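Take a look at the structures listed below.
Presented sequentially are two complexes of subunit A, the first with subunit B as partner and the second with subunit C.
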Partner chain A sequence: MLKCTLSNIDKLFEIVSASMPLYLPTEDKNGAVFKKWQPGTVWSNASNTVKGPKDLFFPQSEDLMAFKTEGKKIEVIDTRTETEDFAVFGVRACDVKSLEILDRVFLTEPRDSYYASRREHGVIISLACNRPTENCFCGTFGIDAAEPMGDVSAWLTDDALYLHANTERGQAFTKLIADLTEACDDSAVSAQKEKNRKVMKRLPLADLEANAFGGSKTEQFFHSPQWEKLSESCLGCGTCTFVCPTCQCYDIRDFKTNNGVVRYRCWDSCMYSEFTKMAHGNNRNSQKERFRQRFMHKLVYFPENNDGIFSCVGCGRCLAKCPISMNIVKVMKALEVDTDD
Partner chain B sequence: MTDMNETLIPILGVITDVRIDTPDIKTFRVVTPDGKKPFDHRPGQCAMLSVPGIGEAMFSITSSPTNTEYMEFSIKKCGCVTEWLHAAEEGQMITVRGPYGKPFPVDDVFAGHDMLFIAGGVGLAPLRSVINYCRHYRDRYGRIDIVYGSRSKDDLLDYREIIEEWQNDENVHVHLTIDREQEGWDGHVGFVPNYVKELGFDTNKMAVLCGPPIMIKFTLDGLSELGFDKTQVYTTLELRMKCGVGKCGRCNVGAKYVCKDGPVFRCDELDELPDEY
Partner chain C sequence: MQTVTTKSLCERAASLLGEGTVAAVLGWKRGEFDYDLTPAVFTAAEELTEGFIYNDFSGANLSKYLLKKTREIDGKILVFLKPCDTYSFNQLLSEHRFDREKVYAIGIPCSGMADIQKIRKIVGEGITAIEACENSLLVHTLYDDEPISVSCAEVLTERCLNCKSKKHVAYDELIGDEGEVLTSNRFDEVEKIEALSADERFAFWQNELSRCIRCNACRDACPACTCEKCVFDNPNSGVQSKAPGGEFEEKLFHIIRAYHVAGRCTDCGECSRVCPQNIPLHLLNRKFIKDMNETYGEYQAGEYDNQRAPLVNFSLDDPEPSDVVKGGFDRA
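Now for the complex of A and B:
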């Protein structure tokens, strides 16, 4: 265990930034967002950022390749460049877990080289939650917010930041800041963990369980009469998808520039009516079907393909942001009624 | 250093021949710029074709893997990419990537069996690859029956190949039908599902089915009336796709991704999926 006094925290950011870009939560007008540290940047210890660190690995929009066209001829231009090393500080336990879920999608053969390159070059410094929000329910999915993973785990007390490297990349990071840290025992961190866990036990959603869900439950939940009512007010705005750290559906589109074509991809949402629309029809014509798809995927289909792991980390962002206050917790509670017989 | 192999980046293809098949279907022959077949594939697999600036879309590879010189795609004009392709001429470059998806089990499950192919409209496109594969390795399969129907005589895909090649093969029996009476047509008139029942096949064979969803549904009912089990019937699905490798999420139905777990499914496997295809 390493200790860095809080008075040195800006110095720590400065040292890291001298060797690689460092992204950390800072306050923006709508809440905390991950931004690149620059001299003067103020780190925010907000319990949750508006969006997770997903953008740093799977950007909301990114160029994939380019084309030059002339008459009947086409030239394909590989515009990829090797990502440079970067660090992300202050990633909460839920968001660390969300990256493992994205890994299961993007790093499964055939690997997505765009995502893989960023994952290989990004060092994650997590941060335990001292003050989880009332919307948090990571415990439902077996995540311990007092024990975040990542390349380096970090804990915050009133006067110091404690760090522990979990991986080789993490060790390289702690080496970088060696001048600012000193070795210490686990007592302060243990005490902090205990305090944090007490808070978590008192959270409004602390008792929420996901046991009713999982792979091979399609038959049980797909035809539930609950979907009709749950989806009734859904606006199909896709906000839940965009703030979700595990949603990974994307679109690929072409953009005509002055001297060619850029093919890019951007986040998309299964909540949108055009998502599955084909020239000859749409296999999900109603919002009810699209709404059901999103939650069935997170609670049943994804676990079926991924050793029982749910595609939700209980970060609570969709609870905070849905304009009609619908969310995965309400869905889980309503569907559970079907299992009561 | 990251492994930079990337499936989303396509290779170039050149359209070397455009055949007008029906009023709204053309068949495009595609090779690489140096004149080779773009890549190997198995019957039933698909490829992503794109026109930079217009878009990318998934098409079944209609030529047989036994054709080592080029690839063919039979494409119906119905959206942005297909409309653009229909206006394209020989020599036009496009991009190609693939092959994607699970093929028909031609070398294990189908081997040694009589085969029944049933197609409606442009649904013949994905089956042509299998049919020609079976014709190429003729001694590996028993009797081959092909039931094919379309709106009219003019809407029958691959008509010349059917008449000049398939019908002349030994132990290959082609049964054509069109929806309505038409001048110059003395063949069968009526919908495919009914025709299948009229023909009344014995059940000691494997069946492969492709066509519009409504045709698939009624033909499956017809086959089961004849005594076929769903485990004997294969079909191929079509859903919107962007990546082709199970990541973009569009073709997800239940726990399956049609692009990588399909497009070929045994009909009893479809029963386990939610009815969203």
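Now for the complex of A and C:
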């Protein structure tokens, strides 16, 4: 365990930034967002960021390649730029877990080289949650917010930041800041964890369980009469999908330029009417079907294909942001009632 | 605190359901907490007792739901409308967007809605309960032993701070007291932006719109955005509704949308309420409303259910385009 006094924290950011870009939560007009540290940047210890660190690995929109045409000749151009090493500080336990979920999608064959490259170059410094919000329910999915993972785990007490490297990359990171840290025992961190876990137990959603869901439950939930009521006022906007740290659907499009084409991809949302539109049209024609898809994917289909792992980490962002306050917690509770009947 | 109680509205709705006057009730449904209400359709008295609520967080404007629900539900639908919602209701009627015969509208008073984000700014995170008192809210949190009292005035939503009317312009029945059209300061913010130089204005909107994530919630919640198929949802249109394609595209989207609803926007403020990125979209609409007021005379969309908006009307007194646009930028 390493200790860095809080008075040295800006110095720590400065040292890291000198060797690689460092992204950390900082207050924006809309709340905390991950931004690149620059001299003067003030780190925010907000409960969580408005959006997760997903954008740093899987941007909302990115160019994949370009095609240049000259007469009958087509040249394929690799538009990728070399990915540089970077660090992300202050990633909460839920968001660290969300990257593992994205890994299962993007790093299995066929491997997504764009995502993989950023994952290989990024070092994740997590941070335990001292003040979770009422919307937090990571415990439902077996995540311990007092014990965040990542390349380096970090804990914050009133006067110091404690760090522990979990991986080689993490060790390289702690080596970088060696001058600012000193070795210490686990007592302060243990006490902090104890405190945090006490708070977790008091969270309003602490009792929410996901046991009723999982792979092989398609038949049980697909035809539930609850979907009609749950989705009746859904606006069909993409807010839940775009603030979700585990939503990973994207669309690939071509953009015509004067003498060629730029092929890009952008996040897509299963809530949108043109989502996965095929030659024959769309396979989900009502908002009820689109709504059902989103939650069935998180609670049933994803675990079905991924060793029982849910693709929700209980970060609470959809609870905070949905314009009509419909969210996965309400869906889980309603569907569970349905199974009880 | 609201001046009419959930119980009184519930009872009236249940009795209208019971006697068969209406087949369904469009209202707000209780959530996990005291502030996360969801618009919902109730079809039985027990459902109302269990879920219906009208409180300081019943901000969602229910009028747009009538488009879909009047087509889906057989029989009349009871809808509860706050004063500002009645303007959207009338505007939708002007545009023949739903069958008036299928709706039973009850106007209910509104003392202004609370903004949960403003409350969070004061009390912090971890809000577990909010009790409404006469002029304040008692907020219980995970981290404070005693509830924190915040005054309602302090946490009013932006649109309620600039409330344009406490008067219901459409209803079949009114519960509670009727209010009056107010003189609001809703154009003050617009004037501040107008006073900026072109470059400063550009920077202001650049900064605000750069946060846009193209979730399209503003469009989807907007009672003036009722196209059966939005141009931005047409994959053949050449534009992507979901890709923030750089700074240019977001501006394009929001400005096109503002133009499209110009003259039809009642300034209900739903666009800014639902924006997950807190972009003050209502300012774009208010600028258009202000310009139309100045150019064609005072006009309030939704004031009546049969009026012609300035931009789709013509009179011989209309100013010439050259009177309106002086031409050129005010760049030095």
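The rule is simple: the second predicted complex is superposed on the first by the 337 of 341 C-alpha atoms of A that agree within 3 Å, B and C clash if a C-alpha of one lies under 4 Å from a C-alpha of the other, contacts with A are read in each partner's own complex, and residues count from 1 in each chain.
The rule we apply is simple: contacts are C-beta pairs under 8 Å (C-beta built on N, C-alpha and C of every residue); 3 or more make two chains touch, one makes a residue touch a chain.
Please read these numbers as outputs of a predicted model, since none were measured by experiment.
Peer 1: Putting subunit B and subunit C onto subunit A via the overlay, clash or fit?
Peer 2: fit
Peer 1: With the two complexes superposed on chain A, say which partner A:F86 touches: subunit B (first), subunit C (second), both, or neither.
Peer 2: In the superposition, A:F86 touches no partner, neither subunit B nor subunit C.
Peer 1: Classify the contacts of A:K277 with the two partner chains as first (subunit B alone), second (subunit C alone), both, or neither.
Peer 2: Both: A:K277 reaches subunit B and subunit C.
Peer 1: Who does A:S233 touch here: subunit B (first), subunit C (second), both, or neither?
Peer 2: second
Peer 1: Looking at A:V76 after the superposition, I want to know if it touches subunit B, subunit C, both of them or none. Which is it: first, second, both, neither?
Peer 2: first
Peer 1: Give the angle at the C-alpha centre of subunit A formed by the C-alpha centres of subunit B and subunit C in the superposed arrangement, rounded to the nearest 10 degrees.
Peer 2: 90
Peer 1: Could you say whether A:D254 touches subunit B, subunit C, both of them, or neither, answering first, second, both or neither?
Peer 2: The first partner, subunit B, only.
Peer 1: Report for A:R263: first if it touches subunit B alone, second if subunit C alone, otherwise both or neither.
Peer 2: The answer is first: A:R263 touches subunit B but not subunit C.
Peer 1: Give one of first, second, both or neither to describe whether A:L64 is in contact with subunit B, with subunit C, with both, or with none.
Peer 2: first
Peer 1: Is A:L319 touching the first partner subunit B, the second partner subunit C, both, or neither of them?
Peer 2: second
Peer 1: Could you state the shortest Cα distance, in Å, between subunit B and subunit C after the structures are superposed?
Peer 2: Nearest C-alpha atoms of the two chains are 7 Å apart.
Peer 1: So subunit A touches subunit B in one structure and subunit C in the other; where do those two contact lists coincide?
Peer 2: 251, 253, 268, 277.
Peer 1: What residues on subunit B touch subunit A, complex-wise?
Peer 2: 1-12, 52-56, 78-79, 82, 89, 91-95, 238-240, 242-243, 245-250, 252-255, 272-274, 276-277
Peer 1: For the complex, give me every residue of subunit A touching subunit B.
Peer 2: So the residues of subunit A touching subunit B come out as 64-65, 67, 69, 72-74, 76, 78, 80, 82-83, 105-106, 108, 110-114, 116-117, 120, 215, 218, 222, 248-254, 256, 260-261, 263, 265, 268, 270, 275-280, 283-284, 289, 293, 296-297, 300-301, 304-305.
Peer 1: Write out the stretch or stretches of subunit A touching subunit C in their complex.
Peer 2: Residue list for subunit A touching subunit C: 28-31, 47, 50-51, 60-61, 131-134, 199, 202-205, 229, 232-233, 235-239, 241-243, 251, 253, 255, 264, 266-269, 272-274, 277, 319, 321, 323-326, 329-330.
Peer 1: Over in the complex, which subunit C residues touch subunit A? Could you list them?
Peer 2: 31-33, 36-41, 60, 65, 124-128, 142-143, 211, 213-217, 219-221, 229, 233-235, 240-245, 273-274, 276-278
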